[in-house]
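Listed after this line are the structures, all set down as structure tokens.
In the two complexes below, chain A is the common chain; its partner is chain B in one and chain C in the other.
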Partner chain A sequence: MFWGVPMGQSILDISTLELHFFTEKGVIKAIDGVDLKVGEGEIVGLVGESGCGKSVTSLAVMGLIPTPPGKIVGGSIRFSGQEITHWTNKQMRKIRGKDISMIFQEPMTSLNPLFTIGDQLVEAIRVHKKCSKKEAQSLSLAILEKVGIKRVGILKQYPHQLSGGMRQRVMIAMAMVLEPRLLIADEPTTALDVTIQAQILDLMRSLNREFGTSILLITHDLGVVAEMCDRIVVMYAGQVVEEADGRKLFKNPSHPYTQGLLKSIPKLDENQKRLYSIPGQVPHPLNMPQGCRFAPRCEYVMETCWNKKPDLYEIEQEHLSRCWLHQGKEAIENGKGDADTT
Partner chain B sequence: MLAYTVRRLFMLIPVLVGMSIITFGIVHMIPGDPAQTIAGEKATPQRVEEIRKELGLDEPLYIQYGSYAKGLLQGDLGKSMTTKRPIGEEIGPFLAATAELVFAAMFIAVFFGVNLGILSSWRQNSWFDYSAMMIALIGVSIPVFWLGLMEQWLFAQTLDWLPSNGRLDPRIQMEPITYFYVIDTILYGDTEVLWDAVKHLILPAVALATVPMAIIARITRSSMLEVMRSDYIRTARAKGLSEFWVVYKHTLKNASIPVLTVIGLQLGTLLGGAVLTETIFSWPGVGRYLYTAIGERDYTVVQSGILIVATIFVIINLIVDLIYAWIDPRIQYGKK
Partner chain C sequence: MQTQTVDIRNKVVEEDKPWKDFMRSFLRHRSAVIGSVIILFLILIAIIAPVLTPFEYSAKSNDLMQSPSANHWFGTDEMGRDIFTRVIYGARISLWVGFFAVIGSIVLGSLLGLIAGFFGGWRDAVISRIFDILLAFPGILLAIAMVTILGPGINNAMIAIAIINIPTFGRLMRSSVLRIKEEDYVLAAKAMGMKNGRILFHHILPNCWTPIMVQGTLSFATAVIEAAALGFLGLGAQPPEPEWGTMLADSRPFIQTAPWTMIFPGLAIVLTVLGFNLLGDGLRDIFDPRMKQ
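== the complex of A and B ==
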């Protein structure tokens, strides 16, 4: 079913992952059968609205989902061939920050305000690497220079003395200093000015080239994805709904949700009176539609969509979509039909 | 930081002046005639009048305050009306006794309070959390005098493990140096007496520690919980730091400011307000000293004693403020 990345070469391989949150009000199926692969040196974009499960997916890879209430109930996460789904916290700690690292949306609050930049970088290095404080400091300065910070005395400065863009650079430096194999970037540019956004994206791309680090870029911004990513995965309500390489997805979006997302990008050359937005709202996680999860908001909705769950379907080579529209009549009739009873 | 410290010290002056006026005023509003008390009930009116004159109590209040303030500026806290000894000299050993007790109690309160709070927040909603917070709730609610009496009944009377009152076994004769008996015995190098002093300290210190410990535990817990939800704690975990470092380095430092505030306030309060504990355990502390002075209408002792206790309170809170700035580099006092 998968393509693009030959087996054995994918650095991250998530298959049919199911992650539920067990709350007092009921079970929230935050991730419901997500498949996702990131190849060696590849940049993959994970796109979707807030609450669609993209951040939860990334935190699950890091092993940072608070348990309870969250729990992986099915599927697997493999990191460079190793099954890490049920690793203990102690095992995960050994790869966290060293082999997989992560940067977050809010550079303003992601650094500890009471410790210096140097302290936080040195700490990140010395957790995994046996070296003296001096060595760690010179390593820190080297990586800071690589991310474009050449300030004198930067190691002695506190986060509040830096701008948002600078802090995100520090976060990237901290994530990249041990040359991890996978960098998960959760909305790394959302909180930044547009001009700074471009700089940060450029930086990530050049680090990707230089170190060969694979990047999983999580964002709701299709513009960012178009610029950066080799492959794009679109998520909706805890499921992958479409997956294709960047060009195909933009030229020929096949899932109605993806089409809606693309339509809602404002265009300068067209004389639009109003910006397009997808009608309706994301379904409540405790009250998912029985069939296709996008059915209530879909302009092409059919009878089948309401009671049968569509599968991811290869509509053309290297292009998957979870929609009944692209599947033959036969598929619809023989479809799973086991409506979601929860 | 230095400039701030100096400025804060200067700002103490109006506070101290205000406090001296207030203590002086309040003490003189207490009903009862000190001259009569000193002279005794059977004294003749002439004798009472003589004493009044001798003590300067016949002067108008502002003149009385003037001479009091003048004395204060020269470091003279006045003389006790009953013992006729200088208050500065007299109150020292009592202050030391209280300080020894309060520091021991605060050590217990901070150590157990902070750690209980940390463990509770770390294992939020576990049975440990519930029982620790239940203990904390009981701790805040227990009256100190009841706890003190129960301790004496159980550990001194029934089990006979620890002495029930006093600072030292009365058979031991010791010339005090600092009046901190634990320090004095160490200075003398007498471990047997040291052990006796420590044993006398345990019960009152535990009784006095209960309420602050409970308050500190609850504040630590809620403050830790708030910090644990923050983004930089997630970053610390994402680095691969062990849970111990995440909790004790990254979370605790950020959570410590409200905890410090409470510690400062409790410390200041206890230094002047350990009267109940001191009375139950016959601890010759400043609380009992002042209590006795109030009973004897010893104005000068009461006003100077209260002033000293209040000054200590203000200074402790100043120190806490300075520690804030040292912990959190974002606090740049006075810079706009």
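== the complex of A and C ==
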């Protein structure tokens, strides 16, 4: 049903994934039918507010959801054609770091404070690759140079001796050293200065070109995705609400949530009295609206929206949106609600 | 590659090695230095005991209950044995017992705490209840019970002391592990495909050492007291072993007539415990990041 990447070429293919957390207070449906594809060599942006399920999605791909309480209850995750949802921890371990790597939001705490950069890189290499310490060290130096660190004695330095930007470079080096096919970057620039952000994004893009590594870039910063991504997926409350290529999404945002997100970016050239924000709050995970999950905050909300869950609908080529507004009257009438367009 | 290279070759930051940093704050801490001087002194005399003493520690003589003199510095006991010699040889026993008892409880306690904290679930429940049961008894009472079962003797006393100290280290380790396992670098290690064992021993354990080291030093002091207490009760070292606690017990009838028979072993215990407590307190201050200038 999806456009874009032909079946054979997608490196990551998540379809109708459902992941629930079984807590004492009830079942939290953290991911509720998410479809997501990342093609070979493609950079896909996954955007959404905190708690919308984007990080959980990425951890699910890595097989790092703590079970219990989390559990994948439906759907599938395919990595280069192989179904990995039911893989054992042992099987997953073989591809983690080697075929799929991940970098995290906080470079300050993502490196072990007790070991040198060299030790940690060598360790990362030797988990998957049989080679001598010497070989691993020269490999480390090579990759560090690729990520832009040419510093004498870097291998012997401890994390606390490096700045945040440098540490994030080291993390990227660790993630890229075995030339994985997919890099998941979970808000890689959120904790960094704006000036460093651009450098890190540049670096990721050039690694993408050089190694052909696909990148799933998770962020809440629309500016970042605009710059980087071939395709953008917007998530809200555990669901994908809009999906399009970057230009289309920015030119013609169709889901009211995406519109709200775009409006929330402060603009320098306009003299706004107040900054725009989407009214209301993300619904509590234990208390999701019956129909469209965005209905309580939506300015275009209709009768249907309260009763009937919208599906992802192709409003134009390569542009999907989960909103009743764009679906024909027919579709709405097929649903049980009375369709009154307001 | 179009990546802009950050080249700061010209200003390589000269920073001290971690141990150098540690040594500096250590030497600045007065009680840590005094404590370690006392401990080093005790270790030294324990090692060179035969050189220091002109007598055998079990050699009896006809000079019974002599007060301190040039010949017998600390006097003699009721069997005419030289108390100076016995106190010095006693350092060997106390340090030996303290060391192995503490190492034993660190190894076992840390291992159990590591498993409980990392895996959680039923393992945590079982291990934590065992700790609770051990802690429900007063330590020395439990040690007495164990020595009674195992039979009196210095080695059994050591085992008993090791066992009663297990929960202290186990709980300490468990709480550190619970904190450290949520750290980002542990998640990052998992995301790199490392095995649980490697993450546990290479990433979590080294980051949990500090409190264990401090507690270990302080526990050394308690272990020395506990060994002396068991000796005093006749359950630890057996005569003619020159154990400080045993010497105190033997001197009880002569407190008024020959006080030196109890003063010197008592002082030895005080000095040892003081040394380890000072060092332990010092280490706690040094490792506490809030105390760093």
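Odds and ends about this structure:
Everything that follows uses one rule, which is that the second predicted complex is superposed on the first by the 335 of 342 C-alpha atoms of A that agree within 3 Å, B and C clash if a C-alpha of one lies under 4 Å from a C-alpha of the other, contacts with A are read in each partner's own complex, and residues count from 1 in each chain.
As a working rule, a contact is a pair of C-beta atoms (placed from the backbone, for glycine too) under 8 Å apart; a residue touches a chain by one contact, two chains touch by 3 or more.
Keep in mind that what you see is a predicted model, and the values were worked out from it rather than measured.
Once chain A is used to superpose the two complexes, chain B occupies space that clashes with chain C. Residue contacts after overlaying the shared chain place A:106 against chain B and chain C alike. In the overlay built on the shared chain, the residue A:284 is in contact with neither chain B nor chain C. Of the two partner chains placed around the shared chain by superposition, chain C is the only one that A:199 touches, whereas chain B remains out of contact. Once the two complexes are laid over each other on the shared chain, residue contacts for A:150 go to chain C alone; chain B is not touched. Once the two structures are overlaid, the count of chain A residues touched is higher for C than for its counterpart among chain B and chain C. Applying the stated contact rule after C-alpha superposition, one finds that A:128 touches each of chain B and chain C. Put simply, of the chain B stretches 21-29, 57-65, 183-191 or 273-281, the part that bumps into chain C is 273-281.
Residue overlap on chain A between the chain B contacts of one complex and the chain C contacts of the other covers 62, 64, 93-98, 101-102, 104, 106, 109-114, 123-124, 127-128, 158, 171, 174. Residues of chain A touching chain C in their complex: 62, 64, 92-98, 101-102, 104, 106, 109-114, 123-124, 127-128, 145-153, 158, 161, 166, 169, 171, 174, 199, 202-203, 206, 210.
Of all residues in chain B, only 230-232, 234-243, 250, 253-254, 327-330 touch chain A in the complex they form. Listing the residues of chain C that touch chain A in their complex gives 1-9, 12-13, 15, 18, 183-185, 187-195, 198, 202-203, 206-207.
Per the touch definition, chain A reaches chain B in the complex via residues 62, 64, 89, 93-98, 101-102, 104, 106, 109-115, 123-124, 127-128, 158, 160, 171, 174.
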